[in-house]
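The next block holds one structure in the form of structure tokens; read it before the comments.
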Amino acid sequence: MNRPSITKYKTPVHISEYPVGPCYQAGHLVTENAGWRTEKPILDKEKCTGCFYCYLCCPEGVIFKLDGKIEIDYSFCKGCGICARVCKSEAIVMIREAKDGADGC
Amino acid sequence: MNRPSITKYKTPVHISEYPVGPCYQAGHLVTENAGWRTEKPILDKEKCTGCFYCYLCCPEGVIFKLDGKIEIDYSFCKGCGICARVCKSEAIVMIREAKDGADGC
Amino acid sequence: MISAYPITPQTTVVERLSEMVEDGSLKSEFMHVESEHSALSACMGASSIGARTFTATSSQGLLYMAECLHYASGGRFPIVMMNANRSLALPWSIYGDQRDSLSLLDCGWIQVYAEDAQESLDMVIQSYAIAENLKVLTPVMLNLDGFALTHTYEVLEVPSSEDVDAFLPPFQTPYKMDLNSPKNMAFSSGPGDNMQFKYQQHKAMLDAIDVIRDVDESFFRLFGRRYGGLVEEYRCDDAEMVLVTLGSITGTCRVVVDELSQEGWKVGLLKIRFMRPFPEKEIMELSRRVMAVGVIDKDISFGYEGTVFTNVNSAIAKARTGILTMNFIAGLGGRDISRQDIRQMFLHLQEGLLGLEKNSMQFINLRVAIDE
Amino acid sequence: MISAYPITPQTTVVERLSEMVEDGSLKSEFMHVESEHSALSACMGASSIGARTFTATSSQGLLYMAECLHYASGGRFPIVMMNANRSLALPWSIYGDQRDSLSLLDCGWIQVYAEDAQESLDMVIQSYAIAENLKVLTPVMLNLDGFALTHTYEVLEVPSSEDVDAFLPPFQTPYKMDLNSPKNMAFSSGPGDNMQFKYQQHKAMLDAIDVIRDVDESFFRLFGRRYGGLVEEYRCDDAEMVLVTLGSITGTCRVVVDELSQEGWKVGLLKIRFMRPFPEKEIMELSRRVMAVGVIDKDISFGYEGTVFTNVNSAIAKARTGILTMNFIAGLGGRDISRQDIRQMFLHLQEGLLGLEKNSMQFINLRVAIDE
Amino acid sequence: MSECIAGRAKAPNALTITDKEFFYGHKACAGCGGSVAVRLIMKVLGERTFTVVPAGCISAVGFMYPQLCFTNNALISTFAGTASMMSGIAAGAKALGLKDFQVLGIAGDGGTADIGLQALSGAIDRRDKVIFVCYDNEAYMNTGIQKSGLTPLGAKTTTTPAGRNIRGSRTRKKNMFEIVAANGIDYAATASVGYIPDFLNKINKAKFVDGTSYIHVFAPCPTGWGTPTYCTIDLGKDVVDCGLWYLAEYENGEFVLNKNPKEFTSVKDYLSRQGRFRHLKDEDIEQIIRDRDRKWEIIRKSWKTKKN
Amino acid sequence: MSECIAGRAKAPNALTITDKEFFYGHKACAGCGGSVAVRLIMKVLGERTFTVVPAGCISAVGFMYPQLCFTNNALISTFAGTASMMSGIAAGAKALGLKDFQVLGIAGDGGTADIGLQALSGAIDRRDKVIFVCYDNEAYMNTGIQKSGLTPLGAKTTTTPAGRNIRGSRTRKKNMFEIVAANGIDYAATASVGYIPDFLNKINKAKFVDGTSYIHVFAPCPTGWGTPTYCTIDLGKDVVDCGLWYLAEYENGEFVLNKNPKEFTSVKDYLSRQGRFRHLKDEDIEQIIRDRDRKWEIIRKSWKTKKN
Amino acid sequence: MIEVRWHGRGGQGAFTASRILGASASLFEGKFGLAFPSFGPERRGAPVQAFTKIDEKKITDRSEIKSPDYIVILDETLASLERVSDIKENGKVIINASRPERYASWQKKGRRIKLVSFDATTLALEVLKMPITNTAMLGVFVAVSGAISLDSAVKGLVANMGRSILAGNIEVLKRAYSRVLEDQK
Amino acid sequence: MIEVRWHGRGGQGAFTASRILGASASLFEGKFGLAFPSFGPERRGAPVQAFTKIDEKKITDRSEIKSPDYIVILDETLASLERVSDIKENGKVIINASRPERYASWQKKGRRIKLVSFDATTLALEVLKMPITNTAMLGVFVAVSGAISLDSAVKGLVANMGRSILAGNIEVLKRAYSRVLEDQK
């Protein structure tokens, strides 16, 4: 996965720990978006033809290619359902998200 | 002549003589432009055909119609020479302005 | 005529006005513009022919129209504007502090700061009466703390439109473009005259002081609510230490002053309602009665101190009372100011009086250490 | 990278720079833009990747870029800008006063005011050294009185470009967009962090005080000229009355102070060179030595007083010395300030000390009567 | 340079496009069309891009310290200053001697057609080598769905409410594509997230333009439009198919239409799927169709047709 | 109303035009082309006009208290705010119930194509009934001849000096006429002080347009161009005759060419009469001619031709 | 003064609930209410907070609620001990959850928190066919706190909600209210 | 300090003359010069003023000249008693005029003004073929005042004028200078 990953954010205790002005490392993530979902895309690998159209269409860029098929990074998928909708092979279905427990926000 | 004329400007001596904010009578003139001239347009009435092209072209609007010919308001003519140039009948010539004495500026 | 450009947290106001224009409950032209500079330019245009105008903005928008602010006051256009106080970029922040309006204190507008929703609404109405007074003819910027006042829901009394119409008859002015008596406006003036126009502007602002008081009185007679003049004193009568506030933080301070008074402290608060015209006399007078004045600034002028503090201090310098003054920078970028923070300020003042605290300016609740 | 938009009386500078870029004597990109907002935005863009930038403007232009001023200081872009001080519309006027820059005193820029052509030139060079210092990283606005400095011809020493290069090596900074170490810049921050960034900005401005002094010293070592730090005192040693000045009027005041001294008056002048960071300490200290301070303001904050006065007074209030202070509003819209006017100010001060003059603020040479 | 020409020859597709994500972890609403656009643009332009984003949804959701969502160099510009800041970066980079980089601006419809128009015009005038992309969600979304210059006739926004007296926005959509063309731009194109290969191709083209490029990409916004989050791509296709948007280019001073539908799909279907149009009466829809037909008549008459 | 229709039918000419002068006693340079334009516009629109003039030569020379040179209602706008101020006046007048009036803006090229462009675009978008006139002297004259967006290629200005390395302005003139057309304006026209009847006619047309009008009038400036004061009208004719400017209209969504010269007069003659072009080499002039030919090719191909 | 903090996700109506509560208290109970969101650049789906203060006298203190009397959590993914750690001693946490036992452990960690959980999602889906749980949770809050009467809450809904969704929401409110009261019996 | 005020019309070069005088004094006479225009929105043809101050020590006083030692009038239409009324006692007024007798009356009205008139226009037309009179009047000023040497004035011209017009102007300067000296003999 050619994507930034989460860095644990250390709340600064001294002013010197802040960046100098609003200038900081690019692609610095501290929270994920999983909790935003009310639905979740589930892939049926069998059906997937590896056309990668869903990969292009996902607003979050959480779909990635693996061995000619796709995988989903659920920690940043927001469950919009676009992938399921655009898949001509109906390889993705949206299911209701089981909400359980605290997220990191 | 359907033009504003000069009002003598009375230098205010009390603040109440100033307009309230930058809002004042439209077309309020206190100085003329005659002194700007180095040349002066002279009309040969004979030659003037009354086409009024010079009247349209004058940047100062100082040419006015009179009895089918034109006249010039010299107090605001700047002597640009446009009228002389555009007159097809060569009815206007520019002559060197005799500079004499104080203008009102 | 209403013209405005959207910006958080001003949008609530503009959206509601759009609805009122749509459903006919407000008779007004609503002009969509492509920037704040244009919004205020449009208001000036309408004002120049004698129409009543309103606009609203916030932070970046206020700065984007900065040129027009000076233009409108110099042109003596009695426009009323709501400014939702918000922090200024950079860094970006949509949250409330008062750097936007305070950094434009010199733009020639009357600046009011409201404490709660009721005062906000009432001051919109009063603002027109003040601005349009022919001795004043100066635009009014009504400042509402972003979110704290723009997005908080509370119950208030809405005056009937008949009463408002009675209080505020249509605007009449001889100083406008008029087809029957043409004018040239917004002109240039050379070194011989310019200063006189500026003096007029200053004088109009000083004359506004009485007008503000009178308008508040007639408002009271009609609506039963009054706010006082440039300031409101709260428990200052026998106070030794007074905190100066601006806007919605006043409410929280009231609670703390009440608490502390009960605990036996001699404390009060001075709510500045108008930053321009500045309540110079009131503060000079106060400084003769108290031992220490603290000023909360939800803003900072980098390299010096809070702007309210600078202004208050100047009045005190002129009073030559030599009392202690202290500045508390708080609430920048939407940082909450708690009752505890305000207690802390009074504590600092007391320490100052005892000679234990030497810093005349400090950041409150900065959350990080700053020792070298 | 140079980017600027024309406005009188800044144009002399920009035109000359265009020529220098054309003939190759100055190695720089020159970008024509369609407004001042864009000029400063372009400078910020170039600065964000570490390029050195210059722009110049005046009055309306400065206000048109007001949003960007705050943006640049908050973004910590070390841009240097020349501002030709000019009056603000309305009424329109191309002549000099200082309402433009002083009304934007809170925008987070270091503000320098030059007295003559030599200081103007030297301070351009010094400004880069100050702005780009990594402890400072704050833009500098160098203010030149319109016409008085921008259109007056006088002889000055132009340092060689080798010397300047030696004094001012290429700008190096880790805080920039970098292809090898990508950054996200100019971002948002919530209530939890925003105040810390603002504190940093304030701190950088305070740190600039030492840097300003150091830069002036090294400049002196290389070029043989020095200006002092935030202020310059002139004949203040045994002065009882001191006049505070900003910019080119200082020169005229020097003459008057010399004359009056010869006549036996104990007078001096304090030239404020930097309005931000503000010379708080210097003024507090001065107030302990003198009996009266007068402040000339070529500006006014309507409904109060001159902005320099407000700032000076605040320092004096903090010093708690209770000395007499007076404000002289002069030179608005290009009104000439004569030696006679300045004598008048000293007279007012003396009358104030004797209790004969009660007004702490007055318009000098207004030319019309103002009695009611 | 050879690489460049190769790149020029062939736009990336789903198979060849880089795996790398440059806009990730952002806080846009689920199903945000703008985010789709931004992701794809960045994947084509790559990591040596300086991205400038004015105030608007993308900057709001992508630059909230300490969550910073562009993995390349990126910054927020003032709302009005996007194009000038881009030019500044380009000029600065030139002054510093940088090579092989892109300067990209990504602005919303408000930030492009309203408050950002002047600076954009200035950049085109200078022919600065920068790429300006407008992701068009047809209103000021970040501030809560207010009318912009690109809000279409009849759309309900919070400043053009639909009620008894007025039925949504009373003005038509500004034609930014033709405006930049009239400004004499080097390359301009319209696109939609509903036609991704076409879009990728146009970004790729812009990359190699020696001068200013402008791409206007239609980017549905479920939140502002009152549409389900999964419909974003569909709507981006429908709008082209029903003729309310078109795919075109402007190059070498000429307009080229890339897709000329034989028959349009139903405008009514397109509109009625969206909350913002639900109040429209038949007469309103007829007006919209008349406007469409008029536009297409001119297009078909005077533009070339060529598949991109 | 009957008067209006009569007015519409017939534009005033030298004989019928009002004797009244509305712009008089001003301090413009002798021979100022802008002043010619302003005078004539006002004579056509008449005394019930609210005139808005941004910073620029006309406001500088006409509004110096106590010398106030418009005899009708007039005011100076902020440099960027001309069009918005006009819209504000129109809206205010509507709110106050005024009838039978005109709102006119008169801005220079800088105040139109650069800093005033955005506000103008906004006014067009709203279709406000206002007339915006750009008097084009091809530089920022009031501040001392700096390059604007309408400065032509090669022209020397104080910010585009002509020297060993650079020969004047490196950018081309923005095409404001087509820009406002692309904005979807109701009526637009180009004109020149060298073709006065055509110009009068167009102003008169604008008067009756129900929406926004834009007139772009070429207005030579002896001071800024280095030309004799008496040449102003000549130059205004020459520029059209040599094809570097054209007389056209945009109406009902269509472009119309009003004058289609069979043969162009010499571009070189036109240029070499002017100080600002005196440094140009033959190759520069050839480039200018090529640009001209290219433009005319497109014009002749796609625009209608109709005498105004 | 009663201080309530609401946690939800953008789009779930936490702020609406806080507002209706404030309005009901002010308009129909002769009290003073203040309601405000922790507004931000959040989008639908992002965690948001809202606040309600209710008092017998005018509320002038606009500072954030430091220790709420009640915390109402509309979305179970937001239920974390950290989020409720600042609750007042003996304050109550109301969670939209199907399995209350999952939070039992919270009480052990030394704090006296009273927990109420209620499956608002199921109720909302049942009645409204949408998982919009704010009115259900408002009903729970009213029942648990007694801060305002059910009647006032209903009036609050009427005054603040669009016609089309009003009836369903009143039903949800009432059902939630009575179920809680029953449970408490 | 010598203070000079120049009156001309926009385009006649009054400011250039004031500037060259200042530059000559500073660069070639070891003095200090300051030159500034009364700049304004004036256009070609409008009356303008310019100022030169020359002193042995650095000039810091930048205020306007209140009573000039010399007033130089480049354009006869600007010659009015009002304009010269603030001249220093015994100051000199230098007018570009062909008929000096017209101003004779000025001296009578109580002020001690010394008048010098010189027909610069004719000289300029003769040499330069243009009525640009500033260098002629500079020559007159130098001769009348002796404030700087002719040599320095020539050097000032060289340093400040474009090549194409230099020679003619030097000639004008010199001729004006020597004619005045001759007259004064």
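Every chain is named by a letter (A, B, C, D, E, F, G and H) in the order it is written, and numbering of its residues begins at 1.
The rule we apply is simple: contacts are C-beta pairs under 8 Å (C-beta built on N, C-alpha and C of every residue); 3 or more make two chains touch, one makes a residue touch a chain.
This is a predicted model, so every value here is computed, not measured.
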Going from chain A to chain E via touching chains takes a minimum number of steps equal to 1
Maximum distance between Cα centroids and chain D occurs for chain G
The chain pair with the larger count of contacting C-beta pairs, comparing B-D against C-G, is C-G
Chain centres computed over CA atoms; the one at greatest distance from chain C is chain H
Averaging C-alpha coordinates per chain, one finds the centres of chain B and chain G separated by a number of Å equal to 80
In whole angstrom, the CA-centroid distance of chain A from chain G equals 30
Taking each chain's mean CA coordinate, chain D and chain G are separated, in whole Å, by 55
Per the C-alpha means, the centres of chain D and chain H lie apart by a whole-Å value of 35
Among chain B residues, those touching two or more other chains are 12, 15, 18, 21-22, 24-28, 33, 36-37, 78
Expected list for chain H, residues touching two or more other chains, is 40-41, 44-46
Chain C residues touching 2+ other chains are 8, 32, 34-35, 37, 60, 64, 67, 71, 74-75, 89-92, 94, 182-190, 193, 196-197, 199, 203, 336, 366, 368, 370
One finds touching chains in the pairs A-C, A-D, A-E, A-G, B-C, B-D, B-F, B-H, C-D, C-E, C-F, C-G, D-E, D-F, D-H, E-F, E-G, F-H
Chain A partner, complex, touching residues on chain E are 14-15, 17-33, 35-36, 39-40, 65-74, 193, 196, 222, 228-234
Residue set of chain D touching chain H in the complex reads 9, 94-95, 115-116, 147-148, 151-155, 248-252, 254-255, 336-339
Seen from chain A, its contact residues with chain E in the complex are 2-4, 6, 9, 22, 24-33, 36-37, 51-53, 55-61, 64-65, 76, 78-82, 84-86, 94
Listed in rising order, chain D residues that touch chain E in their complex are 1, 3, 28-29, 31-35, 37-51, 53, 67-68, 71, 177-179, 182-190, 193
Chain D partner, complex, touching residues on chain F are 55, 59, 63, 65, 76, 78-80, 113-115, 117, 140, 142-144, 146-147, 149, 158-161, 163-166, 171
